[in-house]
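After this come two complexes, each holding chain A, first together with chain B and then together with chain C.
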Partner chain A sequence: MAALITAEPARGSTSPGPGTPRRLGFSQTLSRWDVKVSPYLYISPFFVLFALTGLFPLGYTAVVSVYDWNLLGGQGEFVGLQNYADVLGQPTFWKSLVNTLSIFLLSAVPQVIVAITLAALLDRNIRSATFWRMGVLIPYVVAPIAVSLIFGRLFADQYGLINELLGGLGIDPIGWHTDRLASHVAIAAMVNYRWTGYNALIFLAAMQAVPRDLYEAATIDGAGPWRQFISVTVPQIRSTIIFVVITASIGGLQIFDEPRLFDTQGLGGADRQWMTTVLYMYDVAWGNQRDFGRAAAVAWMLFVLILVIGFLNFMLSQRIASSGPRAPRVRRSVTRGLLAEARAAAAGTPRGAAGRGPDTTATTTTDRRDA
Partner chain B sequence: MLSSTRSGGRRLAATAGIATLALGLSACGGGSDEGEGGTADEPITLTVATFNDFGYTDELLAKYTEEHPNVTVKQTVAAQAEDARTNLTTKLAAGGEGLADVEAIEVDWISELAQYPDLFTDLADPELDGRWVDWKVAQATTSDGKLIGYGTDIGPEAICYRQDLLEDAGLPSAPDEVAELLGGDDATWDDYFAAGADFVKNSDSAWYDSGVAIYQGLVNQIDYAYENEDGTPKPLADNAEISDLYGTVVEQDEAGLSADLEQWSEDWTSGFQNDAFATMLCPAWMTGPIESNSGGVDGWNIADVFPGGGGNWGGSFLTVPASGEHTTEAKELAAWLTAPEQQTAAFENAGTFPSQVEAQGSEQVQSFTNAFMNDAPAGQIFSNRAQAIEGNPFKGPNYFAIHQAVQDGIKRVEINGEDPATSWDKSLAAYDELGL
Partner chain C sequence: MSSVAATAQSAGKGAARAAARRLARSQHGAASAVRRPGWITYTILAVVLVISAFPLYYTLLLGSSDQVSISQQALPQLLPDVSIFTRFADVMSSSQINFWLALTNSVIIAVVVSVATVLTSTLAGFSFAKLRYPGRNALLVFVIATMAVPTQLGVIPMYILMSELSWIGKIQAVIVPALVSAFGVFWMTQYLESALPYELIEAARVDGASMIRTFWSIAMPAALPAASMLGLFIFVMQWTMFFWPSIVLGSANPTLPIAVQNLTAGYHDDYSLIMAGVFLVTLPLLIVFAFVGRQLVAGIMQGAVKG
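Here is the complex of A and B:
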């Protein structure tokens, strides 16, 4: 732009008259087009791909879901919302939803807490920091199949390592494949093994971006490590926490590999005690029902569910990690305190305790605002 | 983006995306040219898709090129049958794009595929009459008389057992004696269970590995297990035959005959090393897995006997998808691969017992012994067992859905320790859920 502006007076001086602006106007139009259109062209590959691989299947799934549609037989009759009604009427669907939510809670909650703790530890000055930081990422590199094989040995019911160890301690073996909750714990353990380190690194990256002078200031104010973590680190990496919580929710609700590979049949056990919703969808489409219509209905309901839970988590994590909503409350108490002080001064009765209180709140408010 | 969808979701999303795309294209891809490009000299490449180990080595396939210089044969092998099945059904749904010229299928998939006979080339050929045992051909013949697959191997069942464990429990342990103990030629399931009851009294091991396997053996001897002749399902709640079998299996479990292991699970494979069970229903192809799971255990042997007459478990076919470019040549190749000479070679390579009458009687098969099974004359035993197979249980389109509902019921009792009556009620609920 700067070049254009400097060029303009030079040309104008050589050929004055009404003809020049038109020629300039053309190149200007070109460059204006360039400025306006090019960015969209540059990012268009993503959107074209997304429309092809994301939006189209989404829309097409909606179409499939209102037809009778067999895997091999193809499109059948239009059935309206019958597929949705059929799925909602199957107890296995509801069971799979409960399983999904249970595995999701068992994996996402500990995962985020442990990841953030690990990140805080790695953020400190430790020896050979890179080694430790890469170390937590190793489980993420291991292929899910390999994880399932290893954990399959650990969690085998009769000859598994964990049950042998428990037996050595005189504890009754746990039915990792028979007890519903135990199977959820075992699957959540696989998920956590794989994803905790990955999330820890994301948190770590965000923590490294927190200005160091905030910690110095906090140290001078007498804040210990815990206080610093709660009052400086967590609010500063809020947007990262929201990101991780939302991606963890999406991933957790779509969990498939781990339960699929948890036993040989891959259908969530004899009583479907660990069948997740995506696994159920797979079974409906490619398993015994062979019904793409119903599977598409499940896919859409799962999509809506993920949107709802993602939104809830967004609201929740914003509340937990935010210092924002608290600020006005403090400010109101400050004003109230100041008013009380003023009234007291006016009445001519100095109230020591009341006078000191608002002062301290005022300093914390300014501190927060700076942070 | 990378983290927003876990690999599971990603894989599924990819599969779903591809599948939906494929479905959209199926309308255009349907009408392929059939049997074109037939000139004998034109060089072509034929692909054969198999799974596990069919025993088709590169040398064997090279032999075909020697006889047909213009044809190059390539084989793609899926590690597991289930992978091959997903690949086949998805691509069939996509109008056949990307399928191999010759696709191997398992007997279990036939009932479903036979509903769409137009997807496959009719392989019926009068010259090949009498090549296979009758029931093998019947399995691959659709209701309108089309032959959709050439038989490769079959799974005639014998009893594999641990001679050392039987000996320790004071039971006879030589193959002939064990066959006699289980009733010889007129062996019944009651004989088998009675011997088991004797055995478990004197041993820490269980009699067999899994009630589901026993049920599989039992149900394969019923002609119309879950469906009527016309393919309509029998309501499970009124199916006395099946509820009796279910009762038999859970009763044996209560008597402690079952090791309560799910076949192919971690516990099952560990069970071989831990002397968890003494006998197994043993189709010919099962000798392979037994050997690979029992490293260091050397007491296995095969008894030439099977309760309740003969039984077949599994076996495969070669089909020619109708959408292929060279269906005529592919049919010729499939016929060649399933000829007695080639299947005899495959048996020696991979232990897959041939379904061809001539191959079963051949010198190589008859004289084959299994060194791991204490030199049991496997070739002879399994051809005896193949001859004992009578009839061909009907498996319609709903067979596997209903079968799974009952299997799950047995698993709930054996593995989850559920009450048999409650578990049966759940199986009935699962049947209702199928919406048949």
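Here is the complex of A and C:
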């Protein structure tokens, strides 16, 4: 009896193929059902809840967007694409799109560059590494809403610390809240503040996965630190760069918290000069217009835009990463060979006799040039 | 040293010297193979650290200053003083923001969501990583694909749904949609694939354990390191979340970020009070960070390598 019970589920748990039907008691039947149904049961919470709170709302947004639908009155008449036409006819919508893209570019580009540089510094053999790593991660635990208020003060037009510092350098105060581009810079600074360290750690992890041999080999080939960084590090972490850029664009295009509290009105400034698209959507749905239909149209168009930009990012990142530096790349096979040889020589193993050493190297060097 | 000599010929003397140094060191073990960087590295890192920490320090400075000085000076003082505690007390007792209610809500939401998400994610991760059944791979691909979907854009139907359920202004409207995470499922699947040997599962099954018992007694303990990291991330995410709560909860039943917003609405010119509130809201996570920052760092770095 014991053998019967134990043999069945043990096999079933790894391969639920057609088991040999024997006379099954109730507990065995139960056990077989357990094995068959449990896997689906365990993933069902995710799928059920995700369908209800993730996919359904996103899909239903398209439905809402073709109805006359508002916050108080609820669903009204079917209006076709009228909401889209209305939204596209509002200059604020276009302004919000430009603002969003501008803020996104101002944050994503410097952020990736600084994060990679920071990661390269952290990747050096520094003392108390954990301390520095934790240090760059501090901003991550500050809520975006708090960052927004703090930076709103740092970038205050009058008596703001940044303007005071600029004044010290002899630069006229900048209207961070009045000038359109300046406000984008300030908001991008908030995003960068919170995420640069986080992304630096992601890059750091990728850098640590780069085989150390490559650096040793590059050193032997005479590559300095900068050259090693460009020719070894960056190509090796390209997939991580793509990952970070895509994540940043999905998040960056939905930016809301930072511009929301940059001033007390929270609607993107007097001329909507820093109103982002999600902020605009919020304003249409819950602010001035209280129009769910139009807001849904905004959401749906932004969704498509995010998909398109995500795709473009992907293509672009791949091109950049694969075209690589102009100079010939350090080839792994050659450098590994060189390295193994160098080690053997240093360790004094009789692999390369004194006379033969330079000879072998000469051939490998030629190989490298041919390759 | 023959190869170093060759390097000198092909790549110049400096490179040869560097190579020789490196080779000499590599014989002492891998750790010392790489040279310690010079002071420039530390200086740059220190500057970054200051930039990271300064906004928080500045918050404390403004918080311990007063309304008048802030409106006339960018840097009212160089050191925070004890008056910050008075301002904290002002924030806590302010009728505008309902601080204690906000704190309670934030704690409940963050704790419930992180515990539940860890459970649902580990359960699904166990199923995806260690059980074999038809459709498994396709479903896993689906989960991964959903990570790129900007679900935040579905807020309008979500709001309609919540109002149908009469959940507007109630914290379950924030909790329930957050109970699962595609990232969490993916993360736990990745971890359990390598961390949980099949032999252990089979041993449990041989001993007559049911599937759920196997999960609870075998998979869950094995998953604990990754599960606790996941829990931390979800906690931080929920604690700092603003968009959806601010829409569905409103100012009457706030979380801490919403309370901060209420503060700006109620005392829009008293920056001292607002900054004290900002600091007070950030403080709990800073304290958490002091204890588990190491795990957060490790978590980000692990996720990066695998994801």
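Convention: the second predicted complex is superposed on the first by the 271 of 371 C-alpha atoms of A that agree within 3 Å, B and C clash if a C-alpha of one lies under 4 Å from a C-alpha of the other, contacts with A are read in each partner's own complex, and residues count from 1 in each chain.
Keep in mind that, in the parts below, contacts are C-beta pairs under 8 Å (C-beta built on N, C-alpha and C of every residue); 3 or more make two chains touch, one makes a residue touch a chain.
As the structure is a prediction and not an experimental result, all values here were calculated from the model.
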Practice problem: Name the contact category of A:136: first (chain B only), second (chain C only), both, or neither. | Solution: second
Quiz item: When the two structures are overlaid on chain A, which partner does A:160 contact: first (chain B), second (chain C), both, or neither?
Solution: both
Quiz item: Touch check for A:126: first (chain B), second (chain C), both, or neither?
Solution: second
Quiz item: Touch check for A:240: first (chain B), second (chain C), both, or neither?
Solution: second
Quiz item: So, A:31: does it touch chain B (first), chain C (second), both, or neither?
Solution: second
Quiz item: First (chain B), second (chain C), both or neither: which does A:311 touch?
Solution: neither
Quiz item: chain A residues in contact: does chain B have more, or chain C?
Solution: C
Practice problem: Report for A:177: first if it touches chain B alone, second if chain C alone, otherwise both or neither. | Solution: first
Exercise. Go through chain A and flag every residue that touches chain B in one model and chain C in the other.
Key: 53, 56-57, 60-61, 64, 144, 153, 156, 159-160, 198, 202, 246, 250, 254, 256-257, 260, 264, 278, 282, 285-286, 292, 299
Practice problem: Using the touch rule from the top, collect the residues of chain C that touch chain A in their complex. | Solution: 1-7, 9-12, 14-15, 18-19, 22-24, 26-27, 30, 33-37, 41-42, 44-45, 48-49, 51-53, 55-56, 58-59, 62, 70-75, 120-121, 123-124, 126-128, 131-133, 136, 139, 143, 146, 148-161, 176-177, 179-180, 182, 185, 198, 201-202, 205-208, 210-212, 214-215, 236, 239-240, 242-243, 247, 256-257, 260-261, 264-265, 268, 271, 274-275, 278, 281-282, 285-286, 288-289, 293-294, 296-297, 300-305, 307
Practice problem: Report the residues of chain A in contact with chain B in the complex, numbered from low to high. | Solution: 53, 56-57, 60-61, 64, 71-75, 86, 90-92, 144, 152-153, 156-160, 175, 177-178, 195, 198, 202, 246-247, 250-251, 254-258, 260, 263-265, 269-271, 273, 278, 282, 285-286, 288-290, 292, 299
Quiz item: In their shared complex, at which residues does chain A touch chain C?
Solution: 5-6, 9-10, 12-16, 31, 34-36, 38-40, 42-43, 45-47, 49-50, 53-58, 60-61, 63-64, 118, 121-122, 124-127, 130, 132-147, 149-151, 153-154, 156, 159-161, 163-164, 193, 197-198, 201-206, 208-209, 212, 216, 219-222, 240, 243, 246, 250, 253-254, 256-257, 260-261, 264, 266, 278, 282, 285-286, 292, 295-296, 299-300, 302-303, 306, 310, 338, 341-343, 345-347, 352, 354, 357-358, 361-362, 365
Quiz prompt | For the chain B and chain A complex, residues of the former touching the latter | solution = 3-9, 11-13, 16-17, 19-21, 23-24, 26, 86, 89, 92-93, 112-113, 115-116, 119, 261-267, 270-271, 274, 276, 400-401, 404, 407-409, 411-412, 415-418, 426, 429-430, 433-435
